Each structure stands twice: as C-alpha cells, then as structure tokens.
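Both complexes below contain chain A, partnered by chain B and then by chain C.
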Partner chain A sequence: MLQPYATPLEKLWFYAFRLFCIGVLVFLILPLLVIVPLSFSADSFLMYPIHSFSLRWYEAFFTNSEWMDSLKNSMIVAPAATLLATVLGTVAAVGLTSADFPGKSFMMTVLISPMVVPVVIVGVGAYLFFAPLGLANSYLGLVMVHAALGVPFVVITVSATLRGFNPNLVRASASLGGNPVYTFFRVTLPLIAPGVISGGLFAFAASFDEVVVTLFLAGPEQTTLPRQMFAGIKENISPTIAAAATVLILFSIVLLLTLEWLRGRSEKMRTAASAA
Partner chain B sequence: MTSSPLLQLDAISQRYARHSVVEQLSLSLQRGEIGCLLGSSGCGKTTVLRCIAGFEPLSGGRILIDGQLLADARLHTPAHKRQIGMVFQDYGLFPHLTVAGNVGFGLDALARDARAAQVARMLALVGLDGLAQRYPHELSGGQQQRVALARALAPQPRLLLLDEPFSNLDVSLRERLGQEVRDILKAAQATAILVTHDQHEAFAMADKVGVMEQGRIMQWDSPYNLYHQPANRMVADFIGQGVLLPGEVCADACIRIELGEACSLRPHGFAAGSRVEVLLRPDDVAHDDASPLRARVAARAFRGAEFLYTLALPSGQTVLSLAPSHHDHAIGEEIGVRLDAEHLVAFAI
Partner chain C sequence: MNMTADAPLLAADGVPLAVKLKRAERRKKLRAALLVAPLAVFLLATFILPIALLLYRSVENPEVPAMLPKTVSALAGWQGQGLPDEAALGVFVQELTAAKDNKAMVGNAAKRLNMEISGYRSLLTKTVRAMPLDPAAGPLREQFVNIDERWAEADYWRVLRHQDSRYTGFYLQSSLDIKRGADDSLHMAGDDEAIYLKIFGRTLWMSAVVTLFCFLLGYPLAYWLVNLPTRKSNLLMIVVLLPFWTSVLVRVAAWIVLLQNEGLINGALMAMGFVDSPVQLAFNRIGVYIAMVHILLPFMILPVFSVMKAIPPTYMRAAVSLGSHPIPAFWKVYFPQTVAGVGAGALLVFIMSIGYYITPALLGGPDDQMVSYYVAFFTNNTVNWGMAAALGSLLLIATMALYTLYARIVGANRLSLG
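Here is the complex of A and B:
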C-alpha cells in the first residue's frame, strides 16, 4: 500500500518493485502463451504472423492415430506411475518421520536422488539395468522408472505435512483401541491428505512431461505424448504440436487449480487444528 | 476393602540411554479410585503415565491390570490392546472429525445405533449435548477438555489416564472443572490416574496422591495424610506450607517445643531426650489473646477469609498461623498464640 506520506524515493521504489514483479511473471508465462495462438493458425508452418484462423490442427491432433496412441500411452503410464509413487512415497515419508534409526538421513538422500541425478544418467542406467531383465520396451519398466522419478516429490511434500502433525493424535487413536493400520487410515491419512495429493500431482506432472527416460526405455508401443511431440519437432514442424501443447497447457492449468484448491483446504484445516 | 487392586505397578523403571527417568516405582490402585502423581516438571510423572498407556517400554518391573500382566522388561502389550483410555495435555482431539466422530472413535465394534446411543450418553455425562456436530476448533478450551474426557470414557476403558488435564485452562475454570471431572469420573465409576504439578488440583480430585521426585514416589497416600503425616521432610516441604520447629522428646513421649508440650503426636518411636523437629502447619498454630505465649507479627498475607501470619516467637524462630480475617493485627504487634494441633508429626534432626 502506498502511504500518503511516502517520499519520492519510496514512490519510485513502490512502482519499480511492482513493474519488476510483472516482468518476472511475463517472463515465466509468455513462452507458454506464444504457442497458443499458433495452434489456431490455418497456416502449415509454426510461424508468426498468423494469416487466418482454423481448428484444423486440433482436428489433426484428435484424428491422427499416432497422436492418439501417444496420448493413450501417457494416460496409462502417468496414472500408474503416480499411483505407485504416491503409495511408496507416502509410506516412506511416514516411516522416515515417525521413527529414529541409524542411516535415516542416508535413506532420505537415496529416495530424493532421482530428483538430483541428471535424468540422462537415470535413463541410461535404467536401460542398461532393465534390458537384460526384459523390462526395456515395456509399460512396466517405464512405469517403474517414472514412479522412481515421482517418489521424491511425494516424500518431500508428505514429510513437510507430517512435520505439523501432532503425534498425540496417533497415541489417542491407539488408546481408543485403534491398531496402527486403522490409525493410519482413520487419523493420519485424512490429515496429511493435502500433502499426499499435491505430492501425487507433482509425481503425475513429472511422469506426464518426461521425455529423456522414455527415449531410452520405451519402444514404439510405449511412445508417450511428450515423446511424440519431441519426434514431431524433429521430423516435421507441424502446428499439430501447437495444438497438442495447448491441450497440455489446459490440462496443466486444471491440475494447478486443483492443487491450489487443495492447498487452501489444507491451510484451513491446519489453522483449525492449531487453533484447537 | 481387601479386594485385589485394579492397577498394580511393581517396581517399574524406565531409562533412556544412561539417564534414569523412573526408578523402582510401585503403587496400586483399587477399582473406582482416582490416583494422582504429583511432582514438579521433569520428575518423571508423565513417563509413568506413558508406560502405563503403552507408549513407552519398561526397562524393569511389572505393570499389572486386573491381575493380568501388561508389561515388564520383555513383554510390551501394544497400547491399542490395553483398553486404557487417555486424556492428553493438549487434548489430542481429531481435528477432522466432529465431536460425535471424536467421541465415537473408539466404538467401532458397536452397531450404528448402539454407538450413537453411547455417544449421546457420554456427551450428556460431560454436559455437551447439542454440540455433537461441532468441530473441535469451534469449541472453547473447557469444552474441548470435556470432549477429550467423553472420548476416553466412551469405550469404557479399564483405566483412565489424565496427563495434566487442566494445565491449558485458566485458573478459575481449572478449579470448577476439576470438581466436575471428579464427579464425572465417579458417576462413570471409572478408575483413573491423573498427573499434575498442582497440589490443589491433586487434593481436589484424587483419593490417593503420590508425591514424586526424581523418578521415585516419596509417599503414596490420601491427601489428608500427605498433609498431616508426611513420610519425610521432602514431602512435608512439597505439600502445603509449614515450618519445622526443634523440640525435645519428654519421658511421656510428648515433645517439648517452644509453643508448649505437644502430646497429640503420631506414634514416633523416638527415645526420651532425643532432639527432633516437629512439623507445624499454619492451622496448627491458633491465635488466642488469652494465651500467655506471645509472638510478634513479622509478616502477614490477607487471603480474603483469613490472614496468614508469619509470627516470630521469643527465641526468634518463626511459625505460620492462620487466623480468621477479622483478627486484624499490624506488623510488629504482639499477639497471643497457642498450639492447636492433632496428630503432629516429628522428624529426626
């Protein structure tokens, strides 16, 4: 808020600061937005200026079997990887925060490492390891590596949520006869659900836009949407890519709004819990 | 009553690494009794509670309930199999469940109707009917406390544990709720152990109180006996106010102190002629203008219904005396005092 008694320097800072913030936001969003109008272009090239508008590239996207197959693959691999990552990551986070044992921080580091190690190395490593096992060129192999890439997100968000979790609630449940499994599903999980769900969304996003590991590990049968886009750019710069990208952006916005809604809900629950 | 105790702690010990938190602690509690562990913070009283609840393993000793072994150095019955309820210092209410959901949490084994009936009965018992659909954060501290109590009592536990149940409430509420909780526990015929650092709370609520110090129980007794017949100087010092006055044991087992001959003594077993100290509570020293023994008012504290006088005896020794508030004397004034005590207790010097 600009105060009426602000000095000229303070006024300058007030406006400069806001301008800077807008600049940062534009810098982040503009590269995404540039692609959207192109998807509605009637021209055959991914280029500005746009001469006329049409939905022909959307038609091409939704009728081409290669694109549809890749979309289908993404819709198989990403949810499966998300499910696996969310379950394993949540269990790991609960275990790592509730108990104290030697090697705990080492274990945490190992779990987080897929996020730190360059993805190319993960891809090469996964290929060399999975190929002899017959897991290369298979959905299972791809799902497993994508899940490993998603686990760090789940572990981090769930651990963060558990830090604000009152351990007396678990004891209270036990004193009322609730065994550990019952306690987890009736008490712990409902209260850390916002963290689990946002971790799951991050894991989903990590798998959904993953190219590198897919390049190494997936056969033609398992081509995912990003992999298909990548191929599309290499071979022919068809504006179908713009249409696919716009669909993905829309999808991401829905994901982010869900995330924001969940965060708001968890915030409300947390303030309620801390006031209690 | 000679029935076997409901709860028996048999020389239990609890150690973290080298540090001993609870040392060879024993106590027993009859069915329907309310016990209390009283001590300053860090004396190990909460650890005892957590051992009974099953949140901490024992390093030694045994815990028996109804004659059944719950825990020893090797056996550790998990908390959820002990049927022991607990009210936590921070209440530990489930924030995502309504009051009814909280109270009904331990009643999963019951059918829906029976469960609803039991929840209603418990809420009526703690005087919270009508709030069943509220969430914990919508309640005041005192109401949350009662929900926690109702939740712990609902599955009819064999024993109820209360960890500093009133420490988060303001003082005026504390006293009222203390009496209320005692009435509720007695109405539910519950056996309970309470942990507190507040002796007024302990006296108001408990049938038996144990004074704890450094992981040991100094004395496990009724509040009356703790006050009037402390087992040792530490208990005498911790409970209530009072002074130790030197005296000498006479031939007839009375003890001569500066205030006169004290004959209404607890059996003490000291030989005639030995030097001892007698514990004098403020209510053992009465103000009586007819008494030849004079004392000078050294300090006074007005408490509404009464004055607490600090009186200097001719020898310079001070004693405490309670007097009705209309006995208004200024500091420096000489007043008459007289020993007015039953069952005084003496300690060796």
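Here is the complex of A and C:
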C-alpha cells in the first residue's frame, strides 16, 4: 500500500516492485497466450504476425488418425489410472489418518516418493520389470505405472481433507449401529468427497500429462497425446501442435475451475463444521 | 459407590476396562495398517520392485561368467604376464567351442568385453568362429596369436580374468569416471576422458541456477500477492495456477515458438533496437533455463505464499513504528519468518530439477542435457542397461538424499499442491 506521505524514492520503489511482479505474471502466462492464436492461423509456420485466420489446423488435428488415436489412448489410460489411484489412495489415506501405527511416517514418505523420483528412473525400471512379464507395450502396464505416479496426489489431498474431518461423526454412526463400511460410504465419503475428487483430478492431470514413462513402456499401439506431442515437437513443430496445445489448455482451464469450485465447497464445509 | 478406589473398573463382561481399551486400540491400529496395505502392495509391484531391479542391474554382470565360467576361474592362477598356460587355454577353447552355436550368448559377452577394451567384440567373435582348435597342431598359445595378434597382449587376458564374478562395480565406477589401470588399481579418469562427473556437475549446477531464479522471481510475486486484497490476489493466483495445470509439452512448444530466431522475443528485441540480428535463445542453455524456471516457478510460489499468508502484517508495522527503516525491518522481521517456506520451495524445485529430461531434451543442445538424458540414451540408443542403471542409481541416491532431508525438515505429507 502506498502511503500518501511516501517520499519520491519510496514511490519509485513501489512502482518498480509492482512492475517487476506484473512482469513475472506476464512471464507465467505469456506462453499460453502466444500459442492459442497461432492455432487459428492459416500459415504453415508457427510464427507471428498472423496473416489470415482459419480452422485448418483443428481440422488437421481432428481428422488425423495418429492424433485421434493418441487422444483416444489418453482417454483410456488416464481415467483408468485415476480410478485405480483414487480408490487405493483414499483407502490408504483413511488408514493413515485413523490411527498411529509403527512405521507410519516412513510409510507416508514411501507413498509420496513417486512424486519426486525422476520419471526416467521409473520409466526404465518399469520397462525392465514389466517386459519379462509381458506387460510392456500393454495398456495394463501403462495404467498401473501411471496410477503409481498419481497416488501421492490422492494421498496428500485426502489426508489433508481428513484432518479437517470431525471423527466424532464416525463414532456417532458406530454408536447408532452403523458398521465401518456403511459409515465410510454414508458418513465419511460424502463429507470428504471434495478432497477425493480434487486428489483424483491431480492424479488425472499427472497421467494425462505423462510422457517419459509412456516413452519407455508403451508401444506404438498405446501412444498417448503427450507422447504424440513429444514426437511432433521433436520432429517438426507444425501448427497442428498449436491446435492440440489449445485443446489441452482448454482442458486445463476446465480442470482448474473444477478444482477451485471444489476448494470453495470444502472450505464452506469446514467453516460450517467448525461453526456447528 | 461401593467400589474401592484401587479396584479396576470393569466392563459389562467383567474384563477390566483398561485391558478392553488396549485391545480396542490395537484393533484400531491393525485396521489402519490393513487399510494402507493394498496401496503399499500396489506400489511395491509397480514402483518399488522396478526401481530395485534397476538398482540391481547396475551391479549385475552375467554375460561373461555365463559363457566362460571355467575359463575365468582357470585364469585366476595366471600371473598377469604373457599368455596364460596351456591348461587354462584348453579350458578356454572348450568353452568357446561349446558356445559357438549360441549366438546370443556370444554376442552379449562380446558386447560386455567391448565396454572394457574397444575392439574386444570383434576379437571374441573372430576367435569363436575359429573354434575348435586342435591341441595336436601345436601349442595353443601360438594358435591363439595366429587367430589374432591381440591375444599376445596381456591386457585382453587381464580383462577376461576380471570377469570372474556375476557382480561388478564397473558400471558404477564408470559413472563416476573411475578407471581400472593396468595394475588393477582404481584411479580417476584424466580430464580428457572424464564424462559423467561433468554431467553430474552440470545437472547440479543447472538445478541450482533454476532454483535461484525461481526464488528471485517467485518470492517478490508471492509477497505482492499476499498483500493484495483477497479478491484481486485470488484472481491473479489463477495466472500462477493455469500454467501449473497446463501440460509441460504445451509449455515447451510455446517457448520454442517464443524463443526461436523468428519468434516474438527476438522480434521484440530487434524492433526495440537492442540487437541487430536474432539472438540464439532456443536449443541452448538459455532456452532450457527459461522453460524450466517457467515450469517450476509455481512450486516455489505456492509454499512461500502459504507461509506468508500466516504472517500477521502487524509485525512489520510494529517494527516500522518503533523506528526501523522498512528495508532492515523487512530483513530482520519479515524474511526470517518466511525462511521455512523458501526452504521447502527451494528444496522441492531442486529435487524436481535434477530429474528433468523432457525440457532439456526438447529445448536444449547437446551440452545442456542432464543425467536423465543419459539414462534414456543408454536405454534407447546403445541398450547398455548397466550404464543406464548405474547413472540412474546415482541420480536416485541424490534425489532420495534430498527427499529425506525434505521429509525431515518439512514433512513428506506437506508437499504443497497449491
């Protein structure tokens, strides 16, 4: 806040600081703003200025069988991996927050490690391990490793939500005769649903954006959208990539808005719970 | 109450309450552990065992012992000078002859030996092709030298003698630029031969630079956002989060478009008269730095922001009202309270940086590749699992050391997700 009695030097500092921060924000958003208009360009090169507009690159994207197959593969692998990661991760998070048992913090460290281990190591290791089992070049192998990469997000988000959850509700349900499974589905799950869904969204994004493990583990049949983009950028970067990128940016906007909406809901729930 | 004070409280079934409580607690702990078990087993099969196998591959050495098990033990008695004795050579001939039809086994052993001395591959396959030798046709030593003169050199035998174990430190040593000399002693490779230490050094250096820039850009922005009215800061936070949620490949593609010679940045620089001809920004170190900072910046901003949010603004006001100039007040009062967030963010950015592969591979030149690139290179291009595994193992050790530090300081469950 600039005070009315600020000295010229303070004023200069204030505006310079604000300019710097706006510069950083521009740096963050500029790449997204730049690539979207190019996808509507009629030119064959990814270059400004744009001379005329057309939808030809979207047509190229949506009619090319390679792009469409990779989109289809992503739409198979990511939801399957998300489902697996969300179910396993939520159950584990309930266990981790319900009681202290020996080795709990070590367990937490292990469950979250897929987030920090370099993906190349995961990819090469998965190939070495899965190839003799016949799971390399298969959807199943890819889904399993993608799920492993998504698990930490679910565990972190759901445990955080459970810390704001009132355990007396579980006791109340038990004292009224509800068995643990019934209590979980009818009491706990509805209340922690926003956390579970946002964990799932994180896991989905992790799988949907994953390229390195796919590079090692997937065969040509399982090429995903990021894998296809990787090949496209590496070989010749055509405006079709800009069209694909725009579709993906739209997708991330939807994900982000859903997440913000869920965050608002879970905050409301938390304030309601603490007020009650 | 007719109960005396020291008689234990009993539950309805007559069991002391304390015992029942303990039992219930134990059951609760068991249930908690059982709930975690499915995920633990799943991760064991899809994540931990594959990585363990990779670690194992970095010391595994099956190729030559599988083909020449008796030869390598017969060579143990050899003095290291001249050719081995006739008995050892006889065993060698037997095993070479027996392996003649197993092309895959010979190929693997030849490839393994070729890593020690280049040219060994052709030597071994040539020798196998010349089998069997007739012991009656003269001393085996002469017959070997007749097949190829290189058999007269002790180096080739020394390498073979060294293949007596199914485990080897060779790959890990090579990954650290440690060579084995003629006298079997280990020494650091000279400057012209050293490769991998430079790559590790480069990886750490690049990660440090990226972390520093993430701090320099992220800290002021987080400070500004925290001090803005909530509505405004929420709106601007979307600008931070949207790139965070956008595919890394989309962002790399966008940076290529921006940074290429005909790109917007060069266009702007030339239009403003800073430069006359395009500056090379993509496909070199600058491009890698820019894209990596862009991708990792949110991981710095988010933890710093959440720490700053918890600091009451009154502290700074108090310092200033007590007569401090705002700048020392900031350093002495505000900054120390944010160190935890900065540490968490910096460690996270650094840990993620050292494993980077995609961004340098797409936006960097040959001299900008990090360790991960070479792991992929040895896997895809030369199919040298030993080297891929050894480099991967060292990278993993570095990552896990930093991650343990992170878990110790910050707590693994507090990895920030925004």
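The rule is simple: the second predicted complex is superposed on the first by the 255 of 276 C-alpha atoms of A that agree within 3 Å, B and C clash if a C-alpha of one lies under 4 Å from a C-alpha of the other, contacts with A are read in each partner's own complex, and residues count from 1 in each chain.
Here is the rule we use: a residue touches a chain if its C-beta (ideal position, glycine included) is under 8 Å from a C-beta of that chain, and two chains touch if they have at least 3 such contacts.
All values reported here derive from a predicted model rather than from experimental measurement.
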{"item": "Clash or fit, chain B versus chain C on superposed chain A", "value": "clash"}
{"item": "Which partner reaches more residues of chain A (counting touched residues only), chain B or chain C", "value": "C"}
{"item": "Contacts of A:Leu191 with chain B and chain C, given as first, second, both or neither", "value": "first"}
{"item": "First (chain B), second (chain C), both or neither touched by A:Ser41", "value": "neither"}
{"item": "Touched partner set for A:Met108, first chain B, second chain C, both or neither", "value": "second"}
{"item": "Touched partner set for A:Ala205, first chain B, second chain C, both or neither", "value": "second"}
{"item": "First (chain B), second (chain C), both or neither touched by A:Ala148", "value": "second"}
{"item": "First (chain B), second (chain C), both or neither touched by A:Asp100", "value": "second"}
{"item": "Against chain C, colliding segment of chain B, chosen among 9-17, 153-161 or 243-251", "value": "9-17"}
{"item": "Common ground on chain A, meaning residues reached by chain C in one complex and by chain B in the other", "value": "180"}
{"item": "Touch list for chain A against partner chain B, complex", "value": "166, 168-169, 171-180, 182-183, 186-187, 190-191, 269, 272-273, 275-276"}
{"item": "Parts of chain A lying in touch with chain C, wherever the complex brings them together", "value": "1, 17-18, 20-21, 24-25, 27-32, 34-35, 38, 45-48, 84, 88-89, 91-92, 94-96, 98-101, 105, 107-130, 144-145, 147-148, 151-153, 155-157, 159-160, 180, 202, 205, 208-209, 211-212, 215-216, 226, 229-230, 233-234, 237, 241-242, 245, 248-249, 252-253, 255-256, 259-260"}
{"item": "Complex contact set, residues of chain C against chain A", "value": "25, 28-36, 38-40, 42-43, 45-51, 53-54, 57, 217-218, 220-221, 224-225, 227, 236, 238-243, 245-258, 262-264, 267, 294, 297-298, 351-352, 354-358, 361-362, 372, 375-376, 379, 385, 388-389, 392, 395-396, 399-400, 403-404, 406-407, 412-413, 415, 417"}
{"item": "Contact footprint of chain A on chain B as seen in their complex", "value": "53-55, 78-86, 88, 90-96, 105-106, 108, 135-137, 139, 144, 151-152, 155, 157, 161"}
